[in-house]
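One chain, chain A, appears in both complexes that follow, with chain B as partner in the first and chain C in the second.
Moving on to the complex of A and B:
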């Protein structure tokens, strides 16, 4: 039993790494554009299908297929911004939420029409790494390491480049940023493009681990949400910590009981956080 | 003039099954009534700024309570409605109290209720020994009976669903005349200002939430009795929860007829696309449906009925309005 727990713990931490990337994308979009991207997990799902199509049907090498997926999903994010999010920028928050929820229906059925309802896996056989009694899949390790590297790069971009500064400025105060000569519209576009490219990258990390199906994205969107709220909406560091907490908790709960109960536990944490500490773990208290 | 039009419309709706229309049309109409009933109940709270994206939870609780009690103890669904409604009301009381006590509002309230709907759906799957899990379960068949609310003929259900819808519309009107409406409107416009004026925020919000949950639960029982099949993914969880909100908001949740109009349009759209294109391309109809929803939200943010009503009101001389759309914050 102890070994089982240790394994669950280790895998939870690895899962947390990838979830952190997912939460980062969602957080970035929320922080800058102030829109809750309800269909984020569904974008990851589409990215996985792109990789699957290239790899399994056309025999493109995985690395190349992943690169293409990142580009395709980046363009997809741009399109999404131009066609759906930009027209809704001045609308009520609720309408933005519902429009993106409508996109869930569109994306899932799009995948259903093109690729069918079957599970599509890449069947990549990678060796299992063992550390004493703990067994880790190489694919999970790679995803974890990859996610951390990408997060590191994104951190540097946000904090050490002009574009990063502009993005952070718009996130902090849109009007003030535009007074400083930043074009918020362009930053929004850029953010959604980066967010889209990130879904392609996450898809690349997920592809060797999971088989994809049209409803694959749903639970990941929900997970990403829970993490983002847990860490504090728009708070990137909070999202990072939250991802590991949720990764470990769900992984442990799944071992002890069942996957449904694990999801219920995650959702219960979400509700508690919203009730008791809506600003999230790392959010600053503000007057309500 | 307006009343005459209403009476004619009501007469048409009542007479509709008598002129020998096809069972399919009756089926679509019944679906519209049931979902319009639920969407109207949803709008009781939605129009005061309490936007719930988790009404699937209440539908699921109602339907499953009544369905399980019927299958295992042969309890009449009429009693099941009360039991399911009370259970849903209790859940609404607990969750609502926590939300309102801690001041959860706006987006956070929407997301929290979204999670609630998903939790109920997951619970229904997790207790698969009783609920049949993801596969759901079928209600016991009995011959046509008022007591067990099962009919061979669709006409009965048509009238039952219609009466429930009318009752929900009447309840809307009743709430609109009550003190509660004034309090809730004040809260919806500015919660802090209302509180300073001595409006008991938690009490009024809770009351309307419980009523809304009760209505949703009854709607769930009606729907389950009509299709005699219960499934956690069609009765609870994110999908149905969002569907209800879509129907109410697209119709226009601030006006009495809005949710009904919205439900009618969405159900007709769904059926039209499904019948004409569904067989050829599975899923394409759903894509078209989703795209239509997104377009409607972008181009008609106040809802279809709301937009039309606004046009009419700007033309006609001003009369006292029931509820004004919430000011954008």
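Moving on to the complex of A and C:
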């Protein structure tokens, strides 16, 4: 039993790394553009199909297929901004939410039409690593390490470069940022492009682990959303911590009970946070 | 000296509500001009329309001979016109240093960032002491100083200040006006909206009185301070 727990804990932490990257994308988009990208997990799903198509059907090497997926999903994010989000920037919050929720249906059915309902998986045989009694899949380890490296790079970009500072400035005070010479429209476009490219990257990390199907994205959108709320909406550090909490909790709950119950536990945490601490663990300080 | 900023006959609306009526104003190179008037007269709107945040629906605004009333705010800064909005509006979750760095976002200013930063730290030693603190943790006066310093980082030719002394303790206000005087002596042109008419007038070259969205009075500092209406209503004499 103890070994089971330790394994669940270790795998929960590994999952937390990738979830942190997913939550980061959702958080960044919310923090900067102030819209909740409800179809974020669905973009990961599309990215996985891109990789699947290239690798399984055209025999493109996985690394190259993943690179293409990052680029394609980046462009996808750009288009999403230009065609859906930008025209709705001045609209009511509710209309923005409905439009983005509508995209869930569009993306899922698009996948249905193109790839069908079957599970599509890559046959990637990677060895299992053992640390004493803990067994970890190399694919999970790679995804974890990759996600942390990317998060590190994003952190440095956000804190050390002009463009990163501009993104943070726009998130805090859009109008005042424009008085600094920053074009907020361009920062929005850039944010959605980065957010899109991240879904491609997450797809690359997920592809060797999971098989994809048209409804694959739903639970990940939900997870990311729970994490973002748990950490405090728009608070990137909060999201990082939240991802590991959710990763470990769901992983442990799945071992004790079942995967279905794990999702219930995650949602129960979500409801509890909204009731007790709606500003989240680290409560995003309000930019005026 | 030639005209640096020329506001010519502008009308500004917020939806249906008209805030400014055929308003004209001018700032010459090196001049310090103040705008006074009651609350809600349209002083803040005037600065917002010049910096591109609330463009006029009629009339024209020229900066260094170039029409700017159709340009978005981020393009106007690049020309050398800085706007310090009411309350300073520093970025609360950026450090003092990051706030200053983002102030030098425009291309020409970026190249000289290090040099300007040293000059700013010399001018505002307090900011150097707090450079790694979040702007959120600063006092009201320090925030206002940071906001002014941030605007200087963009290497502007004209600085617009919107009520820099508002909400500050009297001692801090005195210090703040000393800073404005120091900036002025470095040759920057300043357009300042102020409630503290006496202090602002003391360091101005010319002044405008705005009432109900129109220029009610204008003149040099001497003319302005001798006007009986100003003496009674704004200087309490």
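Definition applied: the second predicted complex is superposed on the first by the 283 of 288 C-alpha atoms of A that agree within 3 Å, B and C clash if a C-alpha of one lies under 4 Å from a C-alpha of the other, contacts with A are read in each partner's own complex, and residues count from 1 in each chain.
As a working rule, a residue touches a chain if its C-beta (ideal position, glycine included) is under 8 Å from a C-beta of that chain, and two chains touch if they have at least 3 such contacts.
Just so it is clear, the model here is predicted, and its values are computed rather than measured.
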Superposition-derived comparison: chain B or chain C, residues of chain A touched: B
Partner chain in contact with A:182 - chain B first, chain C second, else both or neither: second
Contacts of A:168 with chain B and chain C, given as first, second, both or neither: second
Touched partner set for A:57, first chain B, second chain C, both or neither: neither
Touched partner set for A:131, first chain B, second chain C, both or neither: neither
Contacts of A:1 with chain B and chain C, given as first, second, both or neither: neither
Doubly contacted residues of chain A, that is, touched by chain B and again by chain C: 288
Chain A residues within the chain B interface of the complex: 36, 84, 87-88, 91-95, 97-99, 101-106, 108-110, 112-113, 218, 222, 225-226, 229, 258, 260-261, 263-264, 267-268, 270-271, 274-276, 278, 288
Residue ranges of chain B touching chain A (in the complex, touch as defined): 51, 53, 95, 98-99, 102-104, 106-108, 110-112, 115-116, 118-119, 122-123, 125-126, 238, 242, 245-246, 249, 281-284, 286-287, 289-291, 293-294, 297-298, 301, 328
Residues on chain C engaged by chain A in the complex (per definition of touch): 51-53, 72-74, 77-78, 82-83, 85, 89, 91-94, 98, 101-103, 105-106, 110, 136, 150, 154
Touch list for chain A against partner chain C, complex: 159, 162, 165-166, 168-169, 172-173, 175-184, 285, 287-288
